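Okay, got some structures for you below.
Both of the next two complexes hold chain A, though its partner changes from chain B to chain C.
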Partner chain A sequence: MKIEISFFGQLTDKTGCNSILMDNPGTITEFRNLVIKQYPNLSNAKFTIALNNKIALDNEVIPKNAKLALMPPFSGG
Partner chain B sequence: MQLKNIFKEGAITASFIADSIAKHATKTEIGGHNIFLGQVRADQIDEKLVIAIEYTSHVDMALEKMHEIREAIFAKFPLTCMHIHHSLGIVKAGEICLFVFTSSKHRKAAIDACSECVERIKAELPIWGKEIFEGEGYQWKENN
Partner chain C sequence: MKEFILRYQRQITLDGFGMDAQEKLSKAKVLVIGAGGLGCPILQYLAAAGVGHIGIADNDLVSYSNLNRQIFFGQDDIGKFKVDIATLRINALNNLVKTTIYKDRWNQALSIEHFPNYDIIVDATDNFASRYLINDACVLLAKPLVFGAVSKYEGQIAVFNKIQDDQKNSDYIPVNYRDLFPEPPKSDEVLNCAEGGVLGVLPGTIGVMQATEVIKLISGVGEILSNQLLNYNALTNSFFKVQLIKNAKADLLIPKTIDSFMQTNYEQLCN
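Up next is the complex of A and B:
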(Lines of atoms letter the chains of each structure in order from A and count residues from 1; the text may use other names and numbers.)
(Lines give C-alpha, C1' and ligand atoms only; values in the text may rest on other atoms or scores of the structure.)
Protein backbone atom coordinates (compact mmCIF):
# COMPACT_ATOMS: atom_id res chain seq x y z
CA MET A 1 0.00 0.00 0.00
CA LYS A 2 1.47 3.34 -1.05
CA ILE A 3 1.41 6.44 1.09
CA GLU A 4 0.85 9.90 -0.32
CA ILE A 5 3.50 12.59 0.20
CA SER A 6 2.86 16.30 -0.46
CA PHE A 7 5.46 19.05 -0.71
CA PHE A 8 4.68 22.66 0.09
CA GLY A 9 6.13 26.14 -0.39
CA GLN A 10 9.79 26.41 -1.37
CA LEU A 11 10.20 22.64 -1.05
CA THR A 12 8.40 22.25 -4.38
CA ASP A 13 11.32 24.14 -5.99
CA LYS A 14 13.67 21.51 -4.56
CA THR A 15 11.63 18.46 -5.52
CA GLY A 16 10.18 19.74 -8.80
CA CYS A 17 6.76 18.32 -7.91
CA ASN A 18 3.87 18.78 -5.49
CA SER A 19 3.28 15.17 -4.51
CA ILE A 20 4.53 11.61 -4.88
CA LEU A 21 3.52 8.11 -3.83
CA MET A 22 5.93 5.99 -1.81
CA ASP A 23 6.01 2.58 -0.11
CA ASN A 24 5.44 2.97 3.62
CA PRO A 25 8.93 3.07 5.16
CA GLY A 26 7.69 2.43 8.74
CA THR A 27 8.44 5.44 10.89
CA ILE A 28 8.81 9.18 10.41
CA THR A 29 12.59 8.99 10.92
CA GLU A 30 12.90 6.33 8.21
CA PHE A 31 10.65 8.37 5.96
CA ARG A 32 12.76 11.49 6.46
CA ASN A 33 15.94 9.60 5.51
CA LEU A 34 14.29 8.08 2.48
CA VAL A 35 12.81 11.28 1.11
CA ILE A 36 16.14 13.10 1.50
CA LYS A 37 17.85 10.22 -0.32
CA GLN A 38 15.33 10.55 -3.14
CA TYR A 39 15.59 14.38 -3.21
CA PRO A 40 19.12 15.31 -2.05
CA ASN A 41 18.21 19.02 -2.42
CA LEU A 42 16.05 18.61 0.68
CA SER A 43 19.05 17.79 2.87
CA ASN A 44 19.77 21.46 3.60
CA ALA A 45 16.10 22.51 3.70
CA LYS A 46 14.24 23.34 6.88
CA PHE A 47 10.95 21.48 7.17
CA THR A 48 8.55 19.74 9.52
CA ILE A 49 6.56 16.65 8.64
CA ALA A 50 2.82 16.39 9.08
CA LEU A 51 1.16 12.99 9.41
CA ASN A 52 -2.58 13.05 8.63
CA ASN A 53 -2.71 16.82 9.23
CA LYS A 54 -0.83 16.80 12.54
CA ILE A 55 2.83 17.61 13.18
CA ALA A 56 4.53 14.21 13.43
CA LEU A 57 7.08 13.00 15.98
CA ASP A 58 10.26 11.28 14.77
CA ASN A 59 9.51 7.90 16.32
CA GLU A 60 5.88 7.86 15.19
CA VAL A 61 4.78 4.82 13.19
CA ILE A 62 3.21 5.63 9.84
CA PRO A 63 -0.21 3.94 9.61
CA LYS A 64 -1.86 2.51 6.49
CA ASN A 65 -3.25 5.05 4.02
CA ALA A 66 -1.27 7.81 5.72
CA LYS A 67 -0.95 11.22 4.18
CA LEU A 68 2.36 12.89 4.84
CA ALA A 69 3.31 16.48 4.14
CA LEU A 70 6.69 18.19 4.10
CA MET A 71 6.25 21.77 5.23
CA PRO A 72 8.83 24.57 5.25
CA PRO A 73 8.48 27.40 7.84
CA PHE A 74 5.03 29.00 7.59
CA SER A 75 4.63 32.46 6.05
CA GLY A 76 0.93 33.23 6.04
CA GLY A 77 -0.68 36.59 6.75
CA MET B 1 -17.39 17.87 11.97
CA GLN B 2 -17.86 20.77 9.60
CA LEU B 3 -14.82 23.04 9.76
CA LYS B 4 -15.24 26.71 8.89
CA ASN B 5 -13.49 27.60 5.67
CA ILE B 6 -11.29 30.65 6.21
CA PHE B 7 -9.88 30.66 2.69
CA LYS B 8 -10.91 32.95 -0.11
CA GLU B 9 -9.49 32.99 -3.63
CA GLY B 10 -7.72 36.29 -4.29
CA ALA B 11 -7.82 39.54 -2.33
CA ILE B 12 -10.31 40.38 0.42
CA THR B 13 -12.21 43.41 -0.81
CA ALA B 14 -13.18 46.53 1.13
CA SER B 15 -16.85 45.87 0.34
CA PHE B 16 -16.60 42.35 1.82
CA ILE B 17 -15.14 43.87 5.01
CA ALA B 18 -17.81 46.58 5.09
CA ASP B 19 -20.59 43.98 4.68
CA SER B 20 -19.06 41.93 7.46
CA ILE B 21 -19.15 44.96 9.80
CA ALA B 22 -22.73 45.79 8.79
CA LYS B 23 -23.91 42.25 9.64
CA HIS B 24 -23.11 42.93 13.30
CA ALA B 25 -25.64 45.76 13.63
CA THR B 26 -28.25 43.28 14.90
CA LYS B 27 -25.93 41.94 17.60
CA THR B 28 -26.63 44.75 20.04
CA GLU B 29 -24.86 43.10 22.98
CA ILE B 30 -21.55 43.93 21.31
CA GLY B 31 -19.76 47.01 22.65
CA GLY B 32 -16.43 46.76 20.85
CA HIS B 33 -14.99 45.36 17.64
CA ASN B 34 -11.37 44.92 16.72
CA ILE B 35 -10.22 44.37 13.16
CA PHE B 36 -6.82 43.40 11.83
CA LEU B 37 -6.17 43.74 8.10
CA GLY B 38 -3.01 42.31 6.57
CA GLN B 39 -1.99 44.10 3.39
CA VAL B 40 0.55 42.98 0.78
CA ARG B 41 3.54 45.30 0.95
CA ALA B 42 5.50 46.34 -2.16
CA ASP B 43 8.90 45.49 -0.62
CA GLN B 44 12.03 46.41 -2.53
CA ILE B 45 14.44 43.44 -2.38
CA ASP B 46 17.84 43.89 -4.08
CA GLU B 47 16.41 46.34 -6.64
CA LYS B 48 13.46 44.06 -7.27
CA LEU B 49 9.95 45.19 -6.44
CA VAL B 50 7.35 42.85 -4.96
CA ILE B 51 4.15 43.30 -6.98
CA ALA B 52 2.09 40.46 -5.50
CA ILE B 53 2.13 37.50 -3.14
CA GLU B 54 0.82 34.11 -4.21
CA TYR B 55 -0.51 32.14 -1.23
CA THR B 56 -0.75 28.36 -1.01
CA SER B 57 -1.72 26.21 1.96
CA HIS B 58 -2.00 22.69 3.29
CA VAL B 59 -5.71 23.50 3.43
CA ASP B 60 -7.11 20.54 5.41
CA MET B 61 -4.46 20.89 8.07
CA ALA B 62 -4.84 24.69 8.20
CA LEU B 63 -8.60 24.42 8.75
CA GLU B 64 -8.15 21.85 11.53
CA LYS B 65 -5.53 24.04 13.19
CA MET B 66 -7.69 27.14 12.82
CA HIS B 67 -10.54 25.30 14.50
CA GLU B 68 -8.24 24.46 17.42
CA ILE B 69 -7.03 28.09 17.67
CA ARG B 70 -10.62 29.35 17.51
CA GLU B 71 -11.69 27.06 20.37
CA ALA B 72 -8.68 28.13 22.48
CA ILE B 73 -9.36 31.83 21.91
CA PHE B 74 -13.07 31.50 22.73
CA ALA B 75 -12.09 29.63 25.91
CA LYS B 76 -9.66 32.38 26.91
CA PHE B 77 -11.55 35.58 26.04
CA PRO B 78 -15.23 36.52 26.52
CA LEU B 79 -15.93 37.07 22.82
CA THR B 80 -19.29 37.45 21.13
CA CYS B 81 -17.91 36.38 17.77
CA MET B 82 -14.78 36.05 15.67
CA HIS B 83 -14.39 35.91 11.88
CA ILE B 84 -11.24 35.01 9.99
CA HIS B 85 -10.52 35.19 6.26
CA HIS B 86 -7.21 34.49 4.54
CA SER B 87 -6.46 34.74 0.84
CA LEU B 88 -5.17 31.97 -1.39
CA GLY B 89 -3.72 32.58 -4.84
CA ILE B 90 -2.53 35.94 -6.09
CA VAL B 91 -2.97 39.10 -3.99
CA LYS B 92 -1.48 42.27 -5.47
CA ALA B 93 0.54 44.81 -3.48
CA GLY B 94 -1.85 47.14 -1.67
CA GLU B 95 -4.60 44.53 -1.45
CA ILE B 96 -5.82 42.79 1.71
CA CYS B 97 -4.79 39.16 2.32
CA LEU B 98 -5.86 38.63 5.96
CA PHE B 99 -8.97 39.82 7.79
CA VAL B 100 -9.43 39.03 11.48
CA PHE B 101 -12.54 40.46 13.16
CA THR B 102 -13.31 40.00 16.85
CA SER B 103 -16.25 41.38 18.82
CA SER B 104 -17.06 41.47 22.50
CA LYS B 105 -19.12 43.27 25.10
CA HIS B 106 -16.13 45.39 26.14
CA ARG B 107 -13.13 46.44 24.06
CA LYS B 108 -10.26 44.73 25.87
CA ALA B 109 -11.32 41.16 25.07
CA ALA B 110 -11.83 42.02 21.40
CA ILE B 111 -8.44 43.75 21.12
CA ASP B 112 -6.46 41.07 22.98
CA ALA B 113 -8.19 38.16 21.22
CA CYS B 114 -7.63 39.71 17.81
CA SER B 115 -3.96 40.28 18.49
CA GLU B 116 -3.44 36.74 19.79
CA CYS B 117 -5.36 35.27 16.88
CA VAL B 118 -3.22 37.12 14.29
CA GLU B 119 0.00 35.97 15.98
CA ARG B 120 -1.18 32.36 16.09
CA ILE B 121 -2.33 32.44 12.44
CA LYS B 122 1.09 33.65 11.32
CA ALA B 123 2.98 31.15 13.46
CA GLU B 124 0.82 28.04 13.28
CA LEU B 125 -1.18 27.85 10.06
CA PRO B 126 0.50 25.95 7.19
CA ILE B 127 0.32 28.77 4.66
CA TRP B 128 3.12 29.94 2.37
CA GLY B 129 3.58 33.20 0.51
CA LYS B 130 5.56 33.50 -2.71
CA GLU B 131 6.63 37.09 -3.32
CA ILE B 132 6.35 37.78 -7.03
CA PHE B 133 8.77 40.35 -8.43
CA GLU B 134 8.05 42.91 -11.11
CA GLY B 135 9.30 41.61 -14.47
CA GLU B 136 10.23 38.10 -13.49
CA GLY B 137 11.39 36.01 -10.56
CA TYR B 138 10.14 35.43 -7.03
CA GLN B 139 11.26 34.62 -3.53
CA TRP B 140 9.54 32.73 -0.76
CA LYS B 141 8.25 34.99 2.00
CA GLU B 142 9.57 34.58 5.54
CA ASN B 143 7.61 35.57 8.63
CA ASN B 144 9.46 37.21 11.48
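Up next is the complex of A and C:
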Protein backbone atom coordinates (compact mmCIF):
# COMPACT_ATOMS: atom_id res chain seq x y z
CA MET A 1 0.00 0.00 0.00
CA LYS A 2 1.36 3.42 -0.99
CA ILE A 3 1.82 6.36 1.34
CA GLU A 4 1.19 9.94 0.24
CA ILE A 5 3.87 12.61 0.66
CA SER A 6 3.23 16.37 0.46
CA PHE A 7 5.94 19.01 0.14
CA PHE A 8 5.45 22.54 1.49
CA GLY A 9 7.01 25.94 0.84
CA GLN A 10 10.35 26.13 -0.94
CA LEU A 11 10.80 22.35 -0.72
CA THR A 12 8.68 22.15 -3.88
CA ASP A 13 11.49 24.05 -5.70
CA LYS A 14 13.81 21.19 -4.75
CA THR A 15 11.43 18.33 -5.60
CA GLY A 16 9.72 19.93 -8.60
CA CYS A 17 6.30 18.71 -7.36
CA ASN A 18 3.79 19.22 -4.53
CA SER A 19 3.15 15.57 -3.74
CA ILE A 20 4.18 11.99 -4.57
CA LEU A 21 3.16 8.44 -3.73
CA MET A 22 5.76 6.07 -2.29
CA ASP A 23 5.99 2.50 -0.95
CA ASN A 24 5.88 2.48 2.84
CA PRO A 25 9.54 2.29 3.99
CA GLY A 26 8.62 1.36 7.61
CA THR A 27 9.76 4.13 9.95
CA ILE A 28 10.20 7.90 9.78
CA THR A 29 14.02 7.56 9.81
CA GLU A 30 13.88 5.15 6.87
CA PHE A 31 11.47 7.47 5.10
CA ARG A 32 13.79 10.46 5.60
CA ASN A 33 16.73 8.53 4.10
CA LEU A 34 14.64 7.35 1.17
CA VAL A 35 13.14 10.73 0.29
CA ILE A 36 16.60 12.37 0.37
CA LYS A 37 17.91 9.57 -1.88
CA GLN A 38 15.09 10.26 -4.31
CA TYR A 39 15.54 14.07 -4.10
CA PRO A 40 19.21 14.74 -3.25
CA ASN A 41 18.49 18.51 -3.17
CA LEU A 42 16.61 17.93 0.09
CA SER A 43 19.82 16.89 1.86
CA ASN A 44 20.73 20.53 2.59
CA ALA A 45 17.16 21.63 3.36
CA LYS A 46 15.69 22.07 6.81
CA PHE A 47 12.26 20.48 7.33
CA THR A 48 10.13 18.72 9.87
CA ILE A 49 8.00 15.67 9.07
CA ALA A 50 4.34 15.38 9.99
CA LEU A 51 2.64 11.97 10.02
CA ASN A 52 -1.14 12.10 9.69
CA ASN A 53 -1.22 15.77 10.77
CA LYS A 54 1.03 15.36 13.80
CA ILE A 55 4.78 16.00 14.07
CA ALA A 56 6.47 12.59 13.85
CA LEU A 57 9.24 11.06 15.97
CA ASP A 58 12.21 9.49 14.17
CA ASN A 59 11.53 5.95 15.37
CA GLU A 60 7.81 6.14 14.68
CA VAL A 61 6.33 3.35 12.54
CA ILE A 62 4.44 4.58 9.48
CA PRO A 63 0.97 2.99 9.38
CA LYS A 64 -0.94 1.89 6.25
CA ASN A 65 -2.39 4.68 4.11
CA ALA A 66 -0.33 7.26 5.98
CA LYS A 67 -0.11 10.86 4.83
CA LEU A 68 3.26 12.48 5.38
CA ALA A 69 4.10 16.17 5.05
CA LEU A 70 7.53 17.79 4.77
CA MET A 71 7.34 21.30 6.23
CA PRO A 72 10.21 23.82 6.07
CA PRO A 73 10.63 26.93 8.24
CA PHE A 74 9.52 30.26 6.69
CA SER A 75 11.32 33.47 7.59
CA GLY A 76 9.47 36.15 5.63
CA GLY A 77 7.28 38.82 7.11
CA MET B 1 -18.49 55.79 27.21
CA LYS B 2 -21.00 56.43 24.43
CA GLU B 3 -18.20 56.58 21.87
CA PHE B 4 -16.76 53.35 23.29
CA ILE B 5 -20.09 51.53 22.87
CA LEU B 6 -20.66 52.94 19.37
CA ARG B 7 -17.15 52.19 18.17
CA TYR B 8 -17.16 48.55 19.27
CA GLN B 9 -20.90 47.91 18.88
CA ARG B 10 -20.52 45.33 16.12
CA GLN B 11 -18.28 43.07 18.21
CA ILE B 12 -19.91 43.76 21.60
CA THR B 13 -23.14 42.47 20.01
CA LEU B 14 -21.54 39.14 19.13
CA ASP B 15 -22.71 36.06 21.01
CA GLY B 16 -19.94 35.00 23.36
CA PHE B 17 -18.07 38.31 23.06
CA GLY B 18 -19.97 41.16 24.70
CA MET B 19 -18.79 43.99 26.93
CA ASP B 20 -16.73 41.56 28.99
CA ALA B 21 -14.43 40.66 26.07
CA GLN B 22 -14.28 44.29 24.94
CA GLU B 23 -13.07 45.38 28.36
CA LYS B 24 -10.43 42.66 28.32
CA LEU B 25 -9.20 44.04 24.98
CA SER B 26 -9.09 47.57 26.41
CA LYS B 27 -6.91 46.40 29.29
CA ALA B 28 -4.59 44.26 27.13
CA LYS B 29 -0.98 45.10 26.26
CA VAL B 30 0.38 43.58 23.06
CA LEU B 31 3.86 44.00 21.60
CA VAL B 32 4.12 43.62 17.81
CA ILE B 33 7.72 43.15 16.65
CA GLY B 34 8.02 44.06 12.98
CA ALA B 35 5.87 46.71 11.26
CA GLY B 36 6.18 45.26 7.76
CA GLY B 37 4.00 42.98 5.65
CA LEU B 38 2.67 41.05 8.65
CA GLY B 39 2.89 43.90 11.13
CA CYS B 40 0.77 46.41 9.16
CA PRO B 41 -2.47 44.38 9.13
CA ILE B 42 -1.84 43.08 12.66
CA LEU B 43 -1.45 46.63 14.01
CA GLN B 44 -4.45 47.94 12.08
CA TYR B 45 -6.83 45.25 13.29
CA LEU B 46 -5.58 45.26 16.89
CA ALA B 47 -6.01 49.04 17.01
CA ALA B 48 -9.44 48.91 15.36
CA ALA B 49 -10.54 46.14 17.75
CA GLY B 50 -9.56 48.30 20.73
CA VAL B 51 -6.46 46.64 22.22
CA GLY B 52 -5.62 49.16 24.95
CA HIS B 53 -1.85 49.38 24.62
CA ILE B 54 0.14 48.39 21.53
CA GLY B 55 3.93 48.30 21.41
CA ILE B 56 5.38 48.68 17.90
CA ALA B 57 8.98 47.67 17.22
CA ASP B 58 10.83 48.15 13.93
CA ASN B 59 14.15 49.78 13.08
CA ASP B 60 13.42 50.07 9.35
CA LEU B 61 12.53 52.99 7.10
CA VAL B 62 9.75 52.82 4.49
CA SER B 63 11.02 51.98 0.99
CA TYR B 64 9.33 51.58 -2.42
CA SER B 65 9.68 47.79 -2.35
CA ASN B 66 7.53 47.72 0.84
CA LEU B 67 4.48 49.28 -0.77
CA ASN B 68 3.03 46.16 -2.48
CA ARG B 69 2.13 44.71 0.93
CA GLN B 70 2.85 47.13 3.81
CA ILE B 71 -0.48 48.89 3.64
CA PHE B 72 0.08 51.44 6.41
CA PHE B 73 2.53 53.28 4.16
CA GLY B 74 2.25 55.38 1.00
CA GLN B 75 4.79 56.90 -1.38
CA ASP B 76 4.92 60.09 0.71
CA ASP B 77 6.28 58.04 3.62
CA ILE B 78 9.40 56.79 1.82
CA GLY B 79 12.46 57.26 4.01
CA LYS B 80 10.48 57.73 7.24
CA PHE B 81 10.58 55.38 10.22
CA LYS B 82 7.88 52.72 9.87
CA VAL B 83 7.04 52.97 13.58
CA ASP B 84 6.44 56.74 13.30
CA ILE B 85 3.97 56.30 10.44
CA ALA B 86 2.33 53.29 12.08
CA THR B 87 1.71 55.18 15.31
CA LEU B 88 0.29 58.17 13.38
CA ARG B 89 -2.13 55.88 11.53
CA ILE B 90 -3.16 54.12 14.74
CA ASN B 91 -3.82 57.43 16.49
CA ALA B 92 -5.95 58.55 13.53
CA LEU B 93 -7.84 55.24 13.56
CA ASN B 94 -8.47 54.91 17.29
CA ASN B 95 -7.40 57.49 19.86
CA LEU B 96 -8.45 55.16 22.68
CA VAL B 97 -5.34 53.07 21.92
CA LYS B 98 -2.04 53.93 23.56
CA THR B 99 1.09 53.18 21.53
CA THR B 100 4.73 52.81 22.50
CA ILE B 101 7.36 52.71 19.76
CA TYR B 102 10.79 51.06 19.65
CA LYS B 103 13.16 52.18 16.88
CA ASP B 104 16.08 49.87 17.64
CA ARG B 105 16.59 46.50 15.98
CA TRP B 106 15.00 44.09 18.47
CA ASN B 107 17.60 42.42 20.68
CA GLN B 108 18.06 40.46 23.89
CA ALA B 109 18.30 43.49 26.19
CA LEU B 110 15.08 44.99 24.82
CA SER B 111 13.32 41.64 25.30
CA ILE B 112 14.40 41.35 28.92
CA GLU B 113 13.47 44.96 29.65
CA HIS B 114 10.13 45.17 27.84
CA PHE B 115 8.53 41.70 27.50
CA PRO B 116 7.43 41.74 31.17
CA ASN B 117 5.30 44.85 30.39
CA TYR B 118 3.20 43.04 27.77
CA ASP B 119 0.61 40.23 27.93
CA ILE B 120 1.27 38.86 24.44
CA ILE B 121 4.22 39.07 22.05
CA VAL B 122 3.59 38.96 18.28
CA ASP B 123 6.38 37.86 15.94
CA ALA B 124 5.96 39.77 12.68
CA THR B 125 9.68 39.87 11.85
CA ASP B 126 11.31 38.85 8.57
CA ASN B 127 14.42 36.92 9.59
CA PHE B 128 15.40 33.81 11.54
CA ALA B 129 17.81 35.57 13.93
CA SER B 130 14.95 37.70 15.31
CA ARG B 131 12.51 34.78 15.30
CA TYR B 132 14.76 32.52 17.42
CA LEU B 133 15.70 35.39 19.74
CA ILE B 134 12.03 36.29 20.34
CA ASN B 135 11.04 32.63 20.80
CA ASP B 136 13.77 32.01 23.37
CA ALA B 137 12.90 35.22 25.26
CA CYS B 138 9.22 34.20 25.38
CA VAL B 139 10.16 30.79 26.83
CA LEU B 140 12.53 32.38 29.36
CA LEU B 141 9.98 35.00 30.44
CA ALA B 142 6.85 32.78 30.09
CA LYS B 143 5.08 34.94 27.49
CA PRO B 144 2.63 33.63 24.87
CA LEU B 145 3.93 34.18 21.33
CA VAL B 146 1.71 34.61 18.28
CA PHE B 147 3.86 33.53 15.35
CA GLY B 148 3.41 34.21 11.64
CA ALA B 149 5.75 33.82 8.67
CA VAL B 150 5.48 33.82 4.90
CA SER B 151 7.34 32.39 1.92
CA LYS B 152 6.36 33.14 -1.68
CA TYR B 153 2.69 32.00 -1.80
CA GLU B 154 2.50 30.23 1.58
CA GLY B 155 2.24 31.22 5.21
CA GLN B 156 2.44 29.69 8.68
CA ILE B 157 0.59 30.71 11.85
CA ALA B 158 0.96 29.31 15.38
CA VAL B 159 0.49 30.24 19.03
CA PHE B 160 3.54 29.16 20.98
CA ASN B 161 4.27 28.95 24.67
CA LYS B 162 0.67 29.47 25.76
CA ILE B 163 0.56 28.53 29.43
CA GLN B 164 -2.78 26.88 30.21
CA ASP B 165 -4.90 28.98 32.60
CA ASP B 166 -7.00 26.05 33.73
CA GLN B 167 -6.26 22.39 34.38
CA LYS B 168 -8.88 21.02 31.97
CA ASN B 169 -6.27 19.15 30.00
CA SER B 170 -3.59 17.83 32.34
CA ASP B 171 -1.53 16.42 29.42
CA TYR B 172 -1.06 19.88 27.95
CA ILE B 173 2.55 21.08 27.75
CA PRO B 174 3.12 24.31 25.83
CA VAL B 175 5.40 24.00 22.80
CA ASN B 176 7.54 26.69 21.23
CA TYR B 177 9.16 27.35 17.84
CA ARG B 178 12.25 25.29 18.72
CA ASP B 179 10.08 22.21 19.28
CA LEU B 180 9.21 22.51 15.60
CA PHE B 181 12.62 23.59 14.26
CA PRO B 182 15.23 23.19 17.05
CA GLU B 183 18.03 24.94 15.18
CA PRO B 184 17.81 27.85 12.72
CA PRO B 185 18.58 27.16 9.07
CA LYS B 186 21.80 28.60 7.70
CA SER B 187 21.44 31.78 5.64
CA ASP B 188 21.75 29.91 2.31
CA GLU B 189 19.17 27.22 3.19
CA VAL B 190 15.98 29.31 2.98
CA LEU B 191 15.28 32.23 0.67
CA ASN B 192 13.86 35.36 2.32
CA CYS B 193 11.17 37.57 0.71
CA ALA B 194 13.75 39.79 -1.00
CA GLU B 195 15.31 36.75 -2.70
CA GLY B 196 12.31 34.46 -3.18
CA GLY B 197 9.57 37.06 -3.54
CA VAL B 198 6.19 37.20 -1.81
CA LEU B 199 2.66 37.77 -3.11
CA GLY B 200 1.69 41.16 -1.66
CA VAL B 201 -1.67 40.08 -0.28
CA LEU B 202 -0.26 36.96 1.45
CA PRO B 203 1.25 38.64 4.55
CA GLY B 204 -2.11 40.45 4.77
CA THR B 205 -3.92 37.12 5.05
CA ILE B 206 -1.42 35.71 7.55
CA GLY B 207 -1.21 38.95 9.57
CA VAL B 208 -5.00 39.12 9.88
CA MET B 209 -4.99 35.52 11.13
CA GLN B 210 -2.32 36.43 13.71
CA ALA B 211 -4.44 39.40 14.83
CA THR B 212 -7.41 37.03 15.13
CA GLU B 213 -5.40 34.71 17.39
CA VAL B 214 -4.35 37.69 19.55
CA ILE B 215 -7.97 38.84 19.93
CA LYS B 216 -9.10 35.30 20.82
CA LEU B 217 -6.26 34.90 23.32
CA ILE B 218 -7.19 38.13 25.09
CA SER B 219 -10.96 37.72 24.99
CA GLY B 220 -11.05 33.97 25.69
CA VAL B 221 -13.42 33.52 22.74
CA GLY B 222 -13.03 30.43 20.57
CA GLU B 223 -10.14 28.01 20.14
CA ILE B 224 -6.61 29.17 19.54
CA LEU B 225 -3.85 27.56 17.48
CA SER B 226 -2.00 26.56 20.62
CA ASN B 227 0.47 23.69 19.99
CA GLN B 228 -0.64 23.68 16.36
CA LEU B 229 0.87 24.98 13.14
CA LEU B 230 -1.47 26.13 10.40
CA ASN B 231 -0.11 26.31 6.85
CA TYR B 232 -1.98 28.34 4.21
CA ASN B 233 -1.31 28.09 0.48
CA ALA B 234 -2.70 31.04 -1.47
CA LEU B 235 -2.23 29.30 -4.85
CA THR B 236 -4.35 26.27 -3.99
CA ASN B 237 -6.65 27.79 -1.32
CA SER B 238 -5.59 25.02 1.03
CA PHE B 239 -5.15 24.98 4.78
CA PHE B 240 -3.09 22.28 6.48
CA LYS B 241 -3.03 21.98 10.28
CA VAL B 242 -0.44 20.00 12.21
CA GLN B 243 -0.38 19.04 15.89
CA LEU B 244 2.96 19.96 17.46
CA ILE B 245 4.77 17.94 20.14
CA LYS B 246 7.62 18.60 22.57
CA ASN B 247 11.07 17.97 21.13
CA ALA B 248 13.76 16.97 23.64
CA LYS B 249 16.39 18.73 21.50
CA ALA B 250 14.60 22.08 21.92
CA ASP B 251 15.05 22.20 25.69
CA LEU B 252 18.79 21.67 25.32
CA LEU B 253 19.12 24.61 22.92
CA ILE B 254 17.06 27.29 24.69
CA PRO B 255 19.09 29.47 27.09
CA LYS B 256 18.03 28.70 30.66
CA THR B 257 19.13 31.95 32.28
CA ILE B 258 19.06 35.63 31.38
CA ASP B 259 22.88 35.61 31.36
CA SER B 260 23.16 32.78 28.86
CA PHE B 261 20.39 34.35 26.74
CA MET B 262 22.25 37.67 26.68
CA GLN B 263 25.42 35.88 25.56
CA THR B 264 23.78 33.97 22.69
CA ASN B 265 24.76 35.36 19.28
CA TYR B 266 21.57 34.94 17.24
CA GLU B 267 22.98 36.56 14.11
CA GLN B 268 25.81 34.03 14.09
CA LEU B 269 23.43 31.09 14.63
CA CYS B 270 21.75 31.96 11.35
CA ASN B 271 24.85 32.48 9.23
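Everything below uses one rule, namely that the second predicted complex is superposed on the first by the 73 of 77 C-alpha atoms of A that agree within 3 Å, B and C clash if a C-alpha of one lies under 4 Å from a C-alpha of the other, contacts with A are read in each partner's own complex, and residues count from 1 in each chain.
Everything that follows uses one rule, which is that a residue touches a chain if its C-beta (ideal position, glycine included) is under 8 Å from a C-beta of that chain, and two chains touch if they have at least 3 such contacts.
For clarity, every value in this text was computed on a predicted model and none was experimentally measured.
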**Request:** See if chain A has more residues touched by chain B or by chain C, and give me that chain.
**Result:** C
**Message:** After the superposition on A, what does A:8 contact: first (chain B), second (chain C), both or neither?
**Reply:** both
**Message:** A:69 in the overlay: touching chain B, chain C, both, or neither? Say first, second, both or neither.
**Reply:** both
**Prompt:** On chain A, what residues does chain B touch that chain C touches as well?
**Reply:** 6, 8-10, 50, 53-54, 69, 71-77
**Message:** Per the contact definition, I'd like the list of chain A residues that touch chain C in the complex.
**Reply:** 6, 8-10, 18, 44-46, 48, 50, 53-55, 57, 69, 71-77
**Request:** Spell out the part of chain C that touches chain A in their complex, as residue ranges.
**Result:** 34, 36-39, 123-128, 131, 148-152, 154-156, 179-181, 183-185, 189-193, 196, 198, 203, 229, 231, 233, 236, 240-245, 247
**Message:** With touch defined as at the start, can you tell me which chain A residues reach chain B in the complex?
**Reply:** 6, 8-10, 50, 53-54, 69, 71-77
**Fill in**
Listed in rising order, the residues of chain B that touch chain A in the complex are 38, 55-58, 60-61, 64, 86, 97-98, 118, 121-130, 140-143
